[in-house]
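In the part that follows, the structures are each spelled out as structure tokens.
Here come two complexes built around subunit A, the first alongside subunit B, the second alongside subunit C.
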Partner chain A sequence: MIRISGLSHSIAGTPILRDIDLTIPRGGITALIGPNGAGKSTLLSLIARLQKIQTGTITVGDLTIGTASDQDLARTLAVMAQSSHVQARLRLSELVSFGRYPWNRGRPGPQDHARVEQALERFGLIPLRDRFLDEISGGQRQRAFAAMAYVQDTPYLLLDEPLNNLDIAAARDLMSLVRDMADTDGRTVVIVLHDINYATAFADHLVVMKDGAIAAQGRPDQTVSEALLEQVFGTRARVEILQDRPVVLV
Partner chain B sequence: MSDTALAPARSRRRILPLSLRLWGLLILLVACAAGYMLIGAEAPWSFLLPYRGAKLAALVLVGVALSVATVVFQTLTANRILTPSLMGFDALYIFVLTLMVHSLGATAYANIPVGLIFTINLGSMALLGLLLFAVLLRLARGDMVRLVLTGIVLGLLIRSITEFVQRLIDPNEFQTVQSLSVARFTQVDTGLLALSSLAIGVGLVLAWRLRLRLDVLALGDAAATGLGEPPAKLQRHAMLVICLLVASATALVGPMASQGAGPSSFFGLIVTAIAHVLTPTHRHSVLLPSAALIGGIILVGGQLMAERVFALATPLIVVIELIGGGVFLIVLLKRRAA
Partner chain C sequence: MTFRTPSRIFLSGLALLMILSVLSIGIGVSDLGIWGTFSDPDARQILWEVRVPRTLAALLAGAGLAVSGQAMQILVRNRFIEPMSAGAGQSAALGVLLVTLLVPSAAIWVKMVGASLAALTGSLVLMAILRPMPPTQPLLPALVALVYGGVISAVVSFIAFQGDLAQFLGSWLTGEFSGVLRGRYELLWIAGGASVLMYLIADRLTLLSLGEDAARALGVNVGLITATAVAGLSVVTAMIVVSVGSIPFVGLVVPNLTARLTGDNLRRALPLTALCGALMVLGADILSRLIRFPYEIPVATTVAVIGAVLFLVLINRDPRSRGAAGVNPAASADRKGGSHV
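For the complex of A and B:
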């Protein structure tokens, strides 16, 4: 369970997050949605300790962000990195191995190699293992980063808009893998998505943000409605129920 | 998946394993060192051995120290075109030198024990490093670009103050400053060698111990944090190592950038560019020794060529700067095109 209480954040005097209280349940996929600038990335980066918490507290499992050790946190919470930030010229399998770092501190043993091998297999990356990261497609790269987060073997996983720039095949592919991590391995996934239809299709729980606050949350079928779209996103779009799931007609 | 058919499977393994390449570099360095000691021996060995030995040791020490410092610095700043000399070490060295010559006079300066000068230089550069990295790192809030820019500006500032002071001193003294303002490997004091090898040795051990953490840092700040290696902590440790290595090397032989006015010391740039070509990997356990060996080879081999083959009057560093300028352009243009 991720518990956020009294969390406020401001940059240069401008409030970005306003007194957020939120509990993200253990297990399953929780999707963060909301208009651009709502503060989703900021919230995620505070959980991921990429920024310092100004006011409020965040606990992940039984660890408190800010006081728990870096290593304990890295063994509890994985953040799927954005592929565009890697400068080093890495082969795909080398990238995935880095996911084991919190456990082996850079000295991989046989069980680490086995784990990486298994992840490459599971994510369908075996044929690409010796390619450099700049020699594969965006979708394949995202899959590699997902595999890296997978071998980190953490109960919690954070992803910020992993579907950016992916075509429909790559996007569905990646979401199925994430879904599988939640179902098969019982991981708690928190994911920022900008396409509401992906959120309703893959998530168990939705958290809707607007102007640095939580506007709504709950099961997708009980949360997404034409009223919500108008109120939070300021757009009139039809919402149809297809196969028991709300679908936004764009 | 449709793309599997295109995969070149396992055929992309390296032709020559990295470990073999490192051994090759080591052999090359030993060969250069042997050549430097043995070629053109015209004086008795009792004189040549300690004389050449001291120079050789200085060349290797400086080459290794600056190369390792540059690799660490480039990982820290996530770039391949900057070197730590950008941060004003060379400028400070010349400033201190100018101040001493100006206040004491050229003759008195010449009479100061070398150990004392070394200590003053190392001390002042360590102080600058501390200022840059302890105070500015905090002010720049871990923003390396801002830190590097501040370093450049600080270097410029020191340089202009130096120029101002140089206008005040007489031409004779100016000559002294000029001749000491570029790295030289002509007369090396053995006491100095002992001091600096101690300092550089400590720096190298510390750098080696950072190698696995630097690998993680090269993945980017966010990824490193997620893996339990937050950059801020690592930056402090790494900057300390860089300071120690560059300050000791500069205090031993003088600035590696000619006149301390180059945009960067091209030496480190050449070394890392070659290291990335000869031993292409992200792993610092390979990159650090590889750069160290290449640095040694360039300085020892270069000095051997300059002294014995071409009998050059120009200091080796000037030649290196010239070649380095070319390498700099190539690295820069290649990165743009990529």
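For the complex of A and C:
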């Protein structure tokens, strides 16, 4: 469980997050949605202790952000950042194996190699394993970074817009892998999604943000509505119920 | 991340290095002869007092320059920057100059400390200047770094002329090995030690090359690793400037070459980087001694010519290398396709 209470954040005097109280349940997929600039990435980076908390507290499981050690956190929480401008020429298998760093501190043992092999297999990266990162497509890159977060073997996984630049097949593939991590491995996934239809299709829990605050949250079918789209995104789109779930007609 | 058996490239490089080392020991105004060194005490003295130190100096300097170049490129997220031309080298010279002017009788270790601290300051200031610049526009930081180095170099010249130390400029700003004797190059072992230190943090440096956030998320102490790397490369640069002078280009060309050959996983790349750096400087020093035999050209000049040619070949050979050098096609695609509905 991730508990956030009284969290406020501002950058250069501009408030980015305003007094957020939020509990993200253990297990399943929680999708964060909201317009650009709502503060989703900022919230995620504060949970991942990538920025210093200014006001408020965050606990992940029984670790408190700000006091827990880097190593404990790295074994509890994996992050896949929104965009990775990695200029290093690393082979894909090397990149994935760095996800094991919190466990082996750079001295991989047989079980680390086994985990990496399994991740490459699960994410369909075996044929690409010896390619350099600048020799693969955007979708393959995203999958590689997801695999890297996966081998970190953490109970919590934070993904910031992992579907960026992916075509529909790659996006659905990646989402089913994420779904599988939640269902089979019992991981708690917090994922920022741009496309509300993906959120309603794959998430168990929805958190809607606007202007640095939580605008709504709950089960996807009870949260997404034409009224919400108008209120949060300022757009009038029709929402139809298809197979028991809301679908936004764009 | 894994230890692998040394690659064929590495082993061939090592063989070449041995051949060049033997050549380097053999070349000089006095002809030693293979057998002479066993019987003739004069020849043996030349061997141990001059030839071996000179060869070791070239190897240590070359390896150190290349390794510190690679570390710097990670710290500033830019493949076109190397310490010797981007402020650290010039700052080291400034440090030595100031110590020489203020405390003319200062011992060599005082100069060494002064040079190291100056190089450290110079590097930190450069990092602070470059930090806000986006990694997606690699040429601007590279130009800024060159100008920055040039400005410090101008300050050094100015102070040197004011203080009647113009001969200083020749000896410290242009690297050459002709003055290397036993007892006058040993500081370079410190550069070697600092290079080994950087190898010890190779994994964490590679993680840092994924970005500070990614490294922190994996539990790397980003501040500590950054501090260790910048201290290491400053010490390497300072030791080289103090003992043989400034040698440009090695720190720029060699890491780009090894990135082509084995990639940027430093645990694997750094040994090859060190080897190629040593090869380049030793090879250049041998050429410097042969081209106008029995006279010598400063090694810095030879290295600059070889380095410039190598660099042009490197960026023109494979169109993708331009991407690797900074203009990353995947990165620009990221920015274009920000939203999808």
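Assume the second predicted complex is superposed on the first by the 246 of 250 C-alpha atoms of A that agree within 3 Å, B and C clash if a C-alpha of one lies under 4 Å from a C-alpha of the other, contacts with A are read in each partner's own complex, and residues count from 1 in each chain.
Here is the rule we use: a residue touches a chain if its C-beta (ideal position, glycine included) is under 8 Å from a C-beta of that chain, and two chains touch if they have at least 3 such contacts.
Because the structure is predicted, anything quoted here is derived from the model rather than measured.
Once the complexes are laid over each other on subunit A, subunit B and subunit C cannot both fit and instead clash.
With both structures placed on the common chain, the touch criterion links A:94 to subunit B and to subunit C. Once the two structures are superposed, subunit B and subunit C can be ranked by residues of subunit A touched, with C on top.
In the superposed model, A:205 lies in contact with neither subunit B nor subunit C.
Once the two complexes are laid over each other on the shared chain, residue contacts for A:250 go to subunit C alone; subunit B is not touched. With both structures placed on the common chain, the touch criterion links A:131 to subunit B but leaves subunit C unconnected. Contact with both subunit B and subunit C is seen for A:152 once the two complexes are overlaid on the shared chain.
Using the contact criterion defined above for the overlaid structures, shared-chain residue A:108 touches subunit C, although it does not reach subunit B.
Contacts of A:79 after superposition on the shared chain: both subunit B and subunit C are touched. With both structures placed on the common chain, the touch criterion links A:71 to subunit B and to subunit C. The interface of subunit A with subunit B overlaps its interface with subunit C at residues 48-50, 70-71, 73-75, 77-79, 81, 85-90, 94-95, 98-99, 101-102, 105-106, 152.
Touching subunit B in their complex are the following residues of subunit A: 48-50, 70-71, 73-75, 77-79, 81-82, 85-90, 94-95, 98-99, 101-102, 105-107, 124, 127-128, 130-131, 137, 140, 152. For subunit A in complex with subunit C, the touching residues are 36, 45, 48-50, 70-71, 73-75, 77-79, 81, 83-91, 94-95, 97-102, 105-106, 108, 113, 132-135, 138, 141, 152, 163-166, 194-195, 250. For subunit B in complex with subunit A, the residues that touch the partner chain are 1, 3-4, 7-10, 12-13, 78, 212-213, 215-216, 218-223, 225-230, 233, 280, 282.
Every residue of subunit C that touches subunit A in the complex is listed here, in rising order: 1-2, 74, 77, 79, 135-136, 203-204, 206-207, 209-211, 213-214, 216-221, 259, 263-265, 267, 320, 323-324, 326, 328-331, 333-335, 337-341.
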